[in-house]
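Read from first to last, the chains carry the letters A, B, C and D; within each, the first residue is number 1.
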Amino acid sequence: MRLGLLVYFLRKALGNIRTNPFLSMVTLSTIAISMLILGLFSLIYLNVQQSLHQMGGELQITAYLQETVSSEQAKVLRSKVADWPEVEGITYISKEQALARFRSQLREYAGILEGLKENPLPASLELTLMAQYGRSGNIKELSTRLGRLPGVAEVQYGRKWMAKLRVFVEVMKLVGITVGGLLLIATIFVISNTIKLTFYSRREELEIMRLVGATDFFIKAPFLIEGLLHGLGGALLAAGGLSLLTLFLFSHLDLPLRLAMMAGSLPTGQLVAGFLGLGLLLGVLGSMVSLRRFLRP
Amino acid sequence: MIQLYHVYKAYGGDQYALHDVTLTADKGDFLFITGPSGAGKTTLLKLIFCAEPATRGQLLVDGVNLQRLKRSGIPYLRRKIGVVFQDFKLLGERTVFANVGLTLEVTGRPRAYIEKKVRQVLRLVGLDAKENHLCCRLSGGEQQRVAIARAVAANPIIVLADEPTGNLDDEITLEILELFREINRRGTTVVLATHNRELIRKVPGAKVGMLRQGRLVAAGVAKQVMAQRSALEMSSQGVL
Amino acid sequence: MRLGLLVYFLRKALGNIRTNPFLSMVTLSTIAISMLILGLFSLIYLNVQQSLHQMGGELQITAYLQETVSSEQAKVLRSKVADWPEVEGITYISKEQALARFRSQLREYAGILEGLKENPLPASLELTLMAQYGRSGNIKELSTRLGRLPGVAEVQYGRKWMAKLRVFVEVMKLVGITVGGLLLIATIFVISNTIKLTFYSRREELEIMRLVGATDFFIKAPFLIEGLLHGLGGALLAAGGLSLLTLFLFSHLDLPLRLAMMAGSLPTGQLVAGFLGLGLLLGVLGSMVSLRRFLRP
Amino acid sequence: MIQLYHVYKAYGGDQYALHDVTLTADKGDFLFITGPSGAGKTTLLKLIFCAEPATRGQLLVDGVNLQRLKRSGIPYLRRKIGVVFQDFKLLGERTVFANVGLTLEVTGRPRAYIEKKVRQVLRLVGLDAKENHLCCRLSGGEQQRVAIARAVAANPIIVLADEPTGNLDDEITLEILELFREINRRGTTVVLATHNRELIRKVPGAKVGMLRQGRLVAAGVAKQVMAQRSALEMSSQGVL
């Protein structure tokens, strides 16, 4: 396409926007608000997933070692298990460390320790799993494998609340993907509906263009550029709104919530770029599809 | 330039808006289409510039067989034809300039040329002072003249004008007719659908096709057809 | 309003819908999809809140009793504390019960118990709180109050993960309310935009009505009824879609997820009624506001 | 019935579309408004049925001072006035019946009455066979006749017709004129804006107001004004 033609189409598109400020405003704001909701949801979803991941990451498998295993042998075992693909982290807890932890963590049972002459707690290896292996089937299989290793006395996993949390994480994931997917579809649908309506109210103009001998390409091009501008503008507005909104929410949170959110992701340059891309796509594709409807013979 | 052979046109139902019409306009012809309201004048013009497909029959425009013309070819045919629509079909929210320039823009003419040409044709129809007015704010006659200006702006080889003087006073009507005759003299084929007998009488050498309920009831040179028609009317009045 | 007039307006409205099936379809589907998203979100929010509530309900305060407190005295204490408004449930755990629980729950530390001659674990009262008192400020205050009671040796609450969960619940609440509120605003905005566009493309019709001497009321009434029908239809579609969707999700869930969801609420008659009401309101109000814009002189 | 005293109308700018127009049409009058394209004919009619407010001057319609008429009173005034718009202003996606019935519906007439009346006026304009056609599918002349039928359907006490025969052939034009004369004879005030001198000549007893660039340049009985006008033209042609 010649540059002159491009400039011509761009000028036409701007002309269209100026001629129909109402239609432009509606399209722009619909795209903006739809994308704002979508963006807000994604951001929240990412944050929640991240916090859940952190909590879920604590789902540990503990392999208690036999009394006979020396700390050197334990370390060999550790490096062996660390190579398993499911394993995210692995820590060796010696008998002494176990006792110290018991003392600090289970203070209400501290009385128990008073009558002891020797340390009854075993050494252990504590494994955290990669998130994608966190399903209960995998964990069972893994713990069986762990139990078969020489030197491992017993394998433990999944306390009651952790299992519940796991279910909850699953539900959240499902919820997130369902709502997110539907939201995306709804956004595309609403935007395309809006664009269709704006073309509907301009169908006479489209018809007249055709009657005076304009090719379909010539008619479409300015409208596609218009759609592109609307999409870009809407995405920019949404990105701006999203940033403001998160900043506002952020500054109104209690400290712990704020820290929890810090762990997640705030809107970044990358996210904004992706947003603009999506807006652009929505604007152009929406216009393309809608135009076809009104350029049919 | 324009040839119709046994053309039929039905809009959906079984009533024909055009019924077995055979008609020819050669290059440089001035052809009037006349006939009472609902006779099929507009329909005939619509077939010529591919706004509607014929139900049956053959249409040739500038050597192109319209029955075989592909969708993608239609715009290029239309660029050869300037049309004054009966209902104007202007972009109301655009300026007079933008409306008249449209036919030039779609063919990709440079901006400077468009400006020159648009001003020129607006002067011809007496609207040079209204160049920047929105079309929806013009009077009926002014709108009609914008439609005429748009039709002739791109120097088409065929001009189809559908009742182009219905909203114009006698004086401007004559000027507009003179405008059509002038471009006709330069070789453009003009087809003018009208009720106005005065108009036809003013161009005695023109061809006339007279429609009635979709059928071509008379065709020939204006002078003869009009005379014939008067005789016909008298006799029919005598019968009644 | 006379009944005849109402019937007339209704017939007009139906006529409008038949004349402009495209516009009706767009309005209807936009309302339906917007409300579907809104409904789905509300449903999920309710469910998640409920599950969180159940998990959060486990946030306990444990008051360890002095060795000198007899079980009768403990029971007096229990019935006293049970009357506090913040307390949802209260359980007395005797020394023996505590030991048994330790054995079963903390099996990895079972070795500790081997060398013991007497039970070192204290008796305790375990309190669960009403959800609305679950904020950390309240808990602190409550535990101070508990600690001052005669016979109470020590008060413990909020293990690490519980605190985290609590933060998470707060975040979820905030997220839910934010997203939900924005979704509602967006829905209203999108629906009103759509209705505005449909009136925009019919502005000529509105103008002609006025020119032939129709009063504003006469012009508006059929459009309002049309809006009402669209709103009602959209809400019905949304309610139907929502029911199908939840049924579908439900039948594709793992058992634990299904149970988790069972705990929450599925769409009920009440919810559907509320939905229809909201749809009706959106349709009529949206039309009312949009019409005003195009009936201005 | 209609009185204008020193009426001015400017659309935004400082150019007047109407400039100091004083004109009266009594009950039962037949008033032609004529003048070249852009003279202000449509504007004058628009002022009468409150489509536009006058910039200055006094307008009285059926005893109502339009400058003082509240917005809520406008519909009731308009119901007394039937208007044939120059661009028809039909609901294209509705049937002929629905369009013509509209003026009756807004006044809350019962359905049976509407059906009877609509059929009757459609017969008068020769469109009884097209009752159920969509207006956008009619020919130009047919649309114009629908507009005329709508204007007279509600038995208004005033009929304003703006170039009502621009798309009609001579025969139907005469019929339509006869229709207007008939309702005029029954006491309706008719104001007809037209370029068509033939029309004016056909009603020699009518009043005529001639506009030119917004000013009333001639007013009086048709016969006199037309004679005067011919003399004027001849003299002006002699000067040029």
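Just so it is clear, a contact is a pair of C-beta atoms (placed from the backbone, for glycine too) under 8 Å apart; a residue touches a chain by one contact, two chains touch by 3 or more.
What you see is a predicted model; the values in this text were computed from it and never measured.
Dropping chain A from the picture leaves the other chains, by touching, in one piece.
Between the contact lists of chain C and chain D, the overlap is empty.
Set against the Cα centre of chain C, the chain with the most distant centre is B. One finds 62 Å separating the Cα centroids of chain A and chain B.
Mean C-alpha position of chain A lies 67 Å from that of chain D. Per-chain Cα centroids separate chain B from chain D by 28 Å.
The distance from the centre of chain A to the centre of chain C, each centre being the mean of the chain's C-alpha atoms, comes to 22 Å. Counting only residues that touch two or more partner chains, chain D has none. In chain C, no residue touches two or more other chains.
In terms of which chains touch, the assembly is arranged as a closed ring, every chain touching its two neighbours and no others.
Of all possible chain pairs, the ones that touch are A-B, A-C, B-D, C-D. For chain C in complex with chain D, the touching residues are 5, 8, 15, 19-20, 204-205, 207-216, 218, 297. Those residues of chain B lying in contact with chain A across their complex are 49, 51, 71-72, 75-79, 81, 83, 85, 89-91, 93-94, 102-103, 105-108, 150. Residue ranges of chain A in contact with chain C, taken from their complex: 22-23, 26, 29-30, 33-34, 36-37, 40-41, 44, 47-48, 51-52, 55, 58, 62, 64, 102, 106-109, 111-118, 120-122, 124, 154, 156, 161, 164-165, 167-168, 170-172, 174-175, 178-179, 182-183, 186, 189-190, 193-194, 196-198, 200-201, 249, 253-254, 256-257, 260-261.
Per the touch definition, chain D reaches chain B in the complex via residues 11, 35-38, 41-43, 86-87, 137-142, 144-145, 162-163, 166-172, 195, 197.
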